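Shared chain: chain A. Partners: chain B in the first complex, chain C in the second.
Right, the complex of A and B next:
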């Protein structure tokens, strides 16, 4: 294993120390239990957004804490759900009196830990709603599985709900927006290489030089099919076709197109992929009204990418354009 | 023959030891069908349990189990944290105020713990989860207890049933947890959760016989 780390057991703690030192104007970090929260917490009179998940997906979620997005993020160990005590303490710290929305990706561990946290928060008289994101079309049969995984739509939901919270919308309204994003967003990813969890020390799975994994999640867990490596255009075509057919997205739908790097794929390649994804969307008659390109929901150093489509309406467009000021996503004033 | 609170502590120490020894093995099993964190998470969680218990002189098995449950919930993470945490919390409620337990007490505690796991994880037998080891083990223990068998006999039957349940997960297609995303590709691998459950029950048998 070749990584820019000190001790494997210190990876998450030292990362959080770095975030605190790099962005003191935006966030603070609480240790034991670990959570990242807005420097000006609590924001009185506004719904507070709390998310969290395993570490290794940076900038998600800690990089999305700040004005117009999350109020707190709970990082677990690498690829491991955070624990209820983190979520409870984070919720207590950022609750501005209008309730707390938990944005949860659909993984068994995340769902169970957030459920326990919601129970604990309710016992402390904090109003909590939870919305589960499950947008990964690679998981086909949800009847006999843990259901679809939460991937790219999570980033979009955190931005859009954050904007709604800043506008002063109520907990149930912000939760409705989150459900709307989940209902209209679909994603699929692929991997060119595996990734190495620091405390494991070797790649999570073997992927030969000339093969790729289609339908990969964000935890280095193998996807559904493995095949010979293809060109960027062919790969993007496979992902986009699966995503478009799933909702399905229809002619003249306005969409947000999000092309995401799994961490190891550089922007030069990501823009090649974006180019093709944009062309395919237009060939299907979709109107790419907004986009996002970059590494936002990653899987350590895995090479690969994912595409997410979100069907937009006027409300979502205006929430997307609203100012956001976080370590990883910034625009507007 | 009763199991004292001291025997209970001895078992928990043995759990920490076996989970430390099998850390890499559980990681390997999990890497095949999950996300390679189970071994590290269980090892971290039970190390924290030992730390917590070394600072307490609870003589009430219910209180000891409650400490174990809360510690696992806050240190393990993943799905195993809430599941094993709930197991010990529910088992602890059954044993509240008891400085020692009999075989029927242990059956009742195990049953309550497993009910908690089912409630939290919503899994059933055959879903390729820890329940595939826990449920047959509990049934075997319960049957032996009803038959008036000795503690030693009952624990042997319990461990054997857990082992068979664990091994029987190999051909199964996972329906819960991260392994379920693999569909048919999850078959042919032993479930890491069933394996850690077997190790924990085997430790009880090794300590209490």
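Right, the complex of A and C next:
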């Protein structure tokens, strides 16, 4: 296992120490229980957004804490759900009196623990709503999920809901936007290589030199099919077709096209993939009104990519364009 | 070779097509000869910054074209210098009447071709200055270089000089800032794995599973030494010590600390490395006043990292904080 780490049990703690040292103007980190929260918490009079999940998907979620996006993020161990006490403490720290929205990716452990945290928070008189993201069209159920998995739309939901919260919208309004994003977003991913979980020390799965996995999950969970390696254009065609057919999108729909690296795929390849995804969207009559290209929801050092399409309306375009200032996503400030 | 590409001979062209489709508000791409330039070129009355080099280091340089940074970037084939005709055409396209600064990484081919382009541009009455970046402390000469190689300081120079140009500073003033950045910046990198040049199809070098290369170049050129894999903290200590001793930096110096991924190293590991680099800088009495963490000057999918330290003064801090809006670096707009 070749990684820039020290002891495997210290990976998450030391990564969080790095985030705290690199971005003291934006975030603070609480240890035991671990959570990343805005340096100016609590933001009075605004709905607070809390998300979280297993580590290993960086910059998600800790890199999305800051103005116009999340108020706190709860990192579990690598590919392991965070615990209810992390979520509860984070919620208490960032609650500005207008309630807390939990944005939850649909994995059984995350869903169960965020539910428990919501119950505990309510007992402390914090108003909580939870929205589950389940946008991955690849498989219906999976190793860690009943129903579809939550992937790329999570990044978009955190940005869009963060902008709504910043505008002073109410908890139910912000939760409605989150549900709208989930209803109008679809994703699918693929892997060229496995990743290696630090404390496991060997690749999660074996993938021969001439094969790839289509529909992979962000924890290396099996996807739809394993097949011989194909060209970037053929791969993107498979992902985009599955995504476009699922909603379905209609001609002239405005969309946000998000082409994401799983971690080990560099930008030179990602732009080749973006090119084809954009062309396919246009060939279907879709208008690519906004986009995002880069590593935003990753799977450690896995080589591979995912595409996410989100159908936009005027409200979502305006929320997308609103200022954001986090370690990983920044504009307008 | 597992990559998201189509034909190996189309990698650069298709990547540029992707950039053009993804960022039409910021950049345009000219093909044959290839160069990326600002959508609003030429910017009248401002010094124009042109850089370039082999492809495979994305987002450098094409991702740095935009407000507050470069005016044009000339990509060669992967790890191959661009040609004088690319540089000349780019310079003619972006010259706003105040002259053109060529920012050149110190590789023999780049230096020779930018010199030739400068001569050709002068024959067309375009005022040109060239500054060579040679900040890599690892080796004195290398496979592709007489003298030190140009690496991480290039990213910083492009940002800082871009801000100066935007302020309306003259060509000689902007060139002076570039020379100041180079004089006060030092870098060193390392690799856990090799990268694979697409048209070669096999790794540039073999690195056993338990070994790493310290002082690697961004084309996989040999570094100072190959040794058994060590912990992240030990690796960062080696890089930081070499960098800090080289200038030398003095107690209480303000510095910008740039921790860069070579492409395949994900953010979770990079923040672990940043943490240690920041601590070491502080232990030497340096004040980490600004920082940058991420993949900005890469070597295809190589796993590894580099550190760059730049000694700051009030002028450089102010130029760093100035607005920038490019595909890869954005704030204040």
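Here is the rule we go by: the second predicted complex is superposed on the first by the 327 of 333 C-alpha atoms of A that agree within 3 Å, B and C clash if a C-alpha of one lies under 4 Å from a C-alpha of the other, contacts with A are read in each partner's own complex, and residues count from 1 in each chain.
Here, a contact is a pair of C-beta atoms (placed from the backbone, for glycine too) under 8 Å apart; a residue touches a chain by one contact, two chains touch by 3 or more.
Bear in mind the structure is a predicted one, so any value in this text is a computation, not a measurement.
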Touching partner for A:197 - first (chain B), second (chain C), both, neither: first
Which of chain B and chain C A:333 touches, first, second, both or neither: second
Which superposed partner A:77 touches (first chain B, second chain C, both, neither): first
Which superposed partner A:5 touches (first chain B, second chain C, both, neither): second
If touched residues of chain A are counted for chain B and for chain C, the larger one: C
A:220 touches, of chain B and chain C: first, second, both or neither? first
Complex interface listing, chain A residues touching chain B: 33, 54, 76-85, 107-109, 112-113, 115-116, 138-141, 144-146, 149, 197, 199-200, 204-205, 217, 219-222, 224
Of all residues in chain B, those that touch chain A in their complex: 27, 31, 34-37, 40-41, 44, 73-83, 85, 120-121, 173-178, 180-183, 185
Interface residues, chain C side, partner chain A - complex: 2-6, 11, 14-19, 21-22, 55-56, 58-59, 63, 192-193, 209, 212, 229, 231-233, 235, 263-275, 278-279, 288, 291, 293, 295, 298, 300-301, 303, 305, 325, 327-328, 330-333
